[in-house]
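Look at the two complexes coming up: subunit A is in both, with subunit B in one and subunit C in the other.
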Partner chain A sequence: MSKPLMTTVLAASALALPALAQSRPVTLTTTLENYGGDGAYLAVYLTDAKGAYVGTLWVAGGKAKYYKNLADWSRLSAGDARRLDGVTGASVGQGRTLKVSADLADALIDAGYEIRIDAAVEDMRDSPGEIRVPLTRAGAGKPQAGKSYVQSFSYQIQ
Partner chain B sequence: MKPTNRKLRRTLLALAAGAGAALAAAPALSGDDCDVPVERWRSRDAVMQMAAGKGWQVQRLKIDDGCYEIRGRDAQGREFKAKLDPQTLQVVRMKGRERDRDRDRSRARDDRGPARNAQPAGAASAAGPLFTPGTAPRAQID
Partner chain C sequence: MSWRSIHRWLGLLAGAVALVLGLSGVMLALDPVRDAWNSTPAPADMAVSTLAARVSATIPGVEEIRRLPSGDIVVFSFDADQARAVRVDPADGHVLGEYRPSALSRWVKNLHRSFLLGDAGRIAAAGVALAMLVLSASGLVLLVRRMGGWRRLGARARGSLVQRLHVASGRAVVAVLLLTSLTALYMSAATFGLVSSDAEFDPDVVSVAGAAPDLPAGRLLLLQDLRSAELRKLNFPDRADPADTWSVTTSRGRGWIDRRSGQTLAWQPASATQRLHDWALLLHTGEGAWLWAVVLGATAACIPLFWATGLMLWWQARRRTPKIADNSAPAQSDVLIYVASENGSTWGFAQALHAAFVRNGHRVHTGGVEHFQVGAAARQVFVLAATYGDGQPPAHAVRAARRIAHQPGGTAQVTVLGFGDRQFPAFCAYAEALEHLLRAQGWPALLPLERIHQQSAQQFALWGRTLAEALGEPLALEYVPQVPPTTALTLVSRQDYPGAKGEPTAILRFAWPAQGWRDRLRGRGLARFEAGDLVGIVPPGTAVPRYYSLASASRDGFLEICVRRMEGGLCSTHLHALERGDTVQAFVRENPGFALERARRPVVLIGAGTGVAPLAGFIRGNARRTPMHLYYGARDPALDYYFGPEIEAWLREGRLARLETAFSRRPDGGGHVQDALRRDAPRLRGLVSKGAILRVCGSRPMAKGVAEALDAILGAVGLSVRQLKAAGRYAEDVF
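Up next is the complex of A and B:
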């Protein structure tokens, strides 16, 4: 291998390996109630210990005009111009299950961060803060019900 | 014959590829959206006439998702919301609205005053280092 190429490979490895070592796959599973309405818009996001927005994991529902109904997420993430980049999909029908997988930094776990889900359904009551659970190892695998639309939410840390 | 066949085949392939590209480029419409060129739209008066013919009392007529949308009461006095194809005025979607009072109340609550946890613009910049660079969340619906 030529010297410049080897230098490039080593530099790339040095950058990539710490990121791999410090992240952890997390799967968030959200099952909806049979609430008798259209598909739900859901925003799955993280806040820090002070309640400040950290990042968006997923937004289910494709029409931007309804995002304001995901009121807390919409407000908290307003300063994040890239909040929707690569994290949007279809709305989630009643009784269906949304599984979101993300590689989260270790620093997020057991550090006061919170997983939040806002929910909205057309012609039904908006539900900001439908789910609010701390991101902890102890909380992993423990199902929790939401306020209006989420029958069960749980997350797994691998 | 052979060169002609080859030419025909090439033309068909080109047409198929063009159609595929056009489909891929078309904006994704959900099932209850309308996509009618503006020159083919019927007038609002035509919508009101159609509604009157059905015995509807129109409380609001607006355009939503490329369709006309009527909110009002039907001949039996029940509140409803209907989306109409702007060209044919056929009902694309119709639903009762008995839950709207809840949503209006919820919206009124949300509109009160400044947000409790409102963040200044740019506060989200902390998100970068916390998510693994180069990876994006994935999702599936079961």
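Up next is the complex of A and C:
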């Protein structure tokens, strides 16, 4: 039933901790299920070992009034005034693929950091924590399914 | 731009797109109605904690409980790698079935709000909503004007079938349409973030770490306080995240609860803008209010009706408006011709004048007198004004005088040419009024006011020669008489009376030519009519119609008129010569001030001679048995008691409450109709105090006598005919 990958959204963001200049590009690939609804709002973000918010990698969906439906991200990132700077795009239709590439500091890899995705679709369930995967070299390239909307998610470290 | 042209052009342009919104709106309005039938709502006063406890007991891994606007409870859960969405019965928490929002509804919703075109479509839809707002507002202005004021807004809509459909449906739904377009604009603004609908950030709250186990939903104090009727959604804390909290959204606000202590960590009351947004959503969608959704659906269904009837009205008006060749823009024209015409005949003269000037190399503009405006380039201005009845302006020109009065006089010469009929004492009265007004405003005249009798081509040609001399340039007026579009009427029966003064009178009944709905929609054939409206008869060999008051309505299935043969009268002689099966050419014209509106108030009818005809029509049509009182003046029951047997039969049937006759040529006949009124003065005072409507029909001297008698009678209770006329309760049809 899976649709061909009609749309590939290419996006880029950079996330580096201060004083740690060394960074490498990481590509995150998210393919959605045919869940039978409108385009999904997705927030892709990073949390540290204690579950604290580190930064936003990508937000798919442009209407701010729906961001509260991305509940965890909305709450955790509330203090980040620049959470949307340069990292927003259109919502992602069902069956389609979102590809995000980010420059991540080496220090974030294999250090207990987690990539999280919150998802929401109009008139359907909100899915905070749709995806939660540790950011490790070993986990790279291993696809993982989400709870409700994400058919497969994987990341590649270059 | 006038309200009318705004309404017309916006309607034509935006209306076609609004069609999509209207049709999809009808489909969307069905959803709340269907949901109301199928829903299993929670009792309004059930505590949210009870609901949450029941649901937790039956469904493992609950993440969210959502209350749909229909009242249905939907539970989203995630258990054993399986995401589920189910509807539950709030009474015991048992699963009713899978929850699957309809894909069709979603598609229609997206069509409705964005034409399936994303943000560009949303902006277009908002544009259409704005157009609908302006259309509704301009439609309301036009409606108030048409009905003759706010207070008469509820009066019966008149005109052709298409006009009535457009007006009556508009009157019914204009308020809802205004509200719908306003709420649509508000929702668009909210979607694009132009107005904020809620607090920008959630409070940063976490459950306090500890060894204590989670409290069950039933023991959370905040949830015990909240009622299911106000619930929007309740999010359970994430099992994998010990710091996660409960969060609950209600119509009153949002709250967060510690998963272990059960403490309310934060409460964010719904802001004023949030409440406004909720109201806009409810008013626009009817979600959770199925009766309102029915109203919204009916309103949306009217949009295609408006568009289609509006399009037809525009097309019919276009077809009727005479085409003026080489019509220049008013600002650039040196010759301006303004026309006031009830049935279009005066436009023929304007066309001839226009063409003559164009042939001489002038730039000429011809338009309705309601557009009177003299530009800097104008040298000569002509006002061609027809007068009807008592000297009233034609319907389209009612506001012309005010427009002229607002313009100070200039240097261009303004000449008025009046059209009318010498039979009427108010011959060319409207043209005279305009002439007077123009001079008072300071406009110089090229020629004095000329009055054309019965659309006389000869008189017009003569005026043309005078005009050519005054202008010092040759002017060839080629006028071709125009006959209004007529229908052949067949005489089915006639009743003959000797008449009062040796002038025989006949009640003529013609068959009402039934029209197909196609002709009716196109406005072809004979228009529908009410008793008291007029039929214009065009006798052979002339282009000038004569008007008779109708003693029947189209629903009676026939047209009936009462015609006295006038000495040398072209039309009455022709009518009197008709035999059964013969035909005449005729058309129908409204008589809006005179025909009776549907009202439960008593009606006083006063008529004499053939003037009783429209009154007989009112009584004939009085199926609702409104109390009608007829004062009937004639000379002799043997000569001119028109409709006598019918009237007496209607009295027995109760269509007529009371009949007072006065036969002036009989010794004990009771004198004139005014005498009958005076004898009945106390009753008349009582009826008028109760709000009675009065209609008077007959000769001009008779109407004057009646008004004097009534003034004397009503003076005792502080009322006058003038007051009643101003209140729209007293109308005359005189000849």
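Throughout what follows, the second predicted complex is superposed on the first by the 137 of 158 C-alpha atoms of A that agree within 3 Å, B and C clash if a C-alpha of one lies under 4 Å from a C-alpha of the other, contacts with A are read in each partner's own complex, and residues count from 1 in each chain.
In this section, a residue touches a chain if its C-beta (ideal position, glycine included) is under 8 Å from a C-beta of that chain, and two chains touch if they have at least 3 such contacts.
Every value quoted in this text rests on a predicted model; they were computed, and no experiment measured them.
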Subunit A superposed: clash or fit between subunit B and subunit C?
clash
Does subunit B (first) or subunit C (second) touch A:Ala64, or do both, or does neither?
second
Counting only touches as set out at the top, which of subunit B and subunit C does A:Ala43 meet: first, second, both, neither?
neither
Once chain A of both complexes is superposed, is A:Ser148 in touch with subunit B (first), subunit C (second), both, or neither?
second
Of subunit B and subunit C, the partner touching more residues of subunit A is B
When the two structures are overlaid on chain A, which partner does A:Leu98 contact: first (subunit B), second (subunit C), both, or neither?
first
Kindly classify A:Ile115 by the partners it touches after superposition: subunit B alone (first), subunit C alone (second), both, or neither?
neither
What is the contact status of A:Gly129 with respect to subunit B (first) and subunit C (second): first, second, both, or neither?
second
Quick check on the superposed pair: does A:Gly51 touch subunit B, subunit C, both, or neither? Answer first, second, both or neither.
both
Scan A:Gly89 for contacts with subunit B and subunit C and give back first, second, both or neither.
first
Which of subunit B and subunit C A:Ala107 touches, first, second, both or neither
first
Just one of 19-27, 109-117 or 127-135 in subunit B runs into subunit C once the structures are overlaid; which is it?
109-117
Using the superposition on A, tell me which residues of subunit A are in contact with subunit B and, in the other complex, with subunit C.
37, 51, 62-63, 71-72, 75, 78-79, 123-126, 128
Give the list of subunit B residues in touch with subunit A in this complex.
28, 30, 65, 81, 95, 97, 99-100, 102-103, 105-107, 110, 115, 117-124, 126-127, 129-142
Taking the touch rule as given, give the residues of subunit A at its contact with subunit C in the complex, in rising order.
36-38, 51, 62-65, 68, 71-72, 74-75, 78-79, 123-129, 132, 147-148
Which of the residues in subunit A end up touching subunit B in this complex?
16, 19-20, 22-23, 37, 46-48, 51-58, 60, 62-63, 71-72, 75-80, 83, 86-87, 89-90, 92-93, 96-105, 107-108, 123-126, 128
Per the contact definition, I'd like the list of subunit C residues that touch subunit A in the complex.
63-64, 66, 76, 78, 83, 85, 100-101, 103, 106, 110, 119, 190-193, 196-198, 201-202, 204-205, 235, 238, 240-241, 243, 247
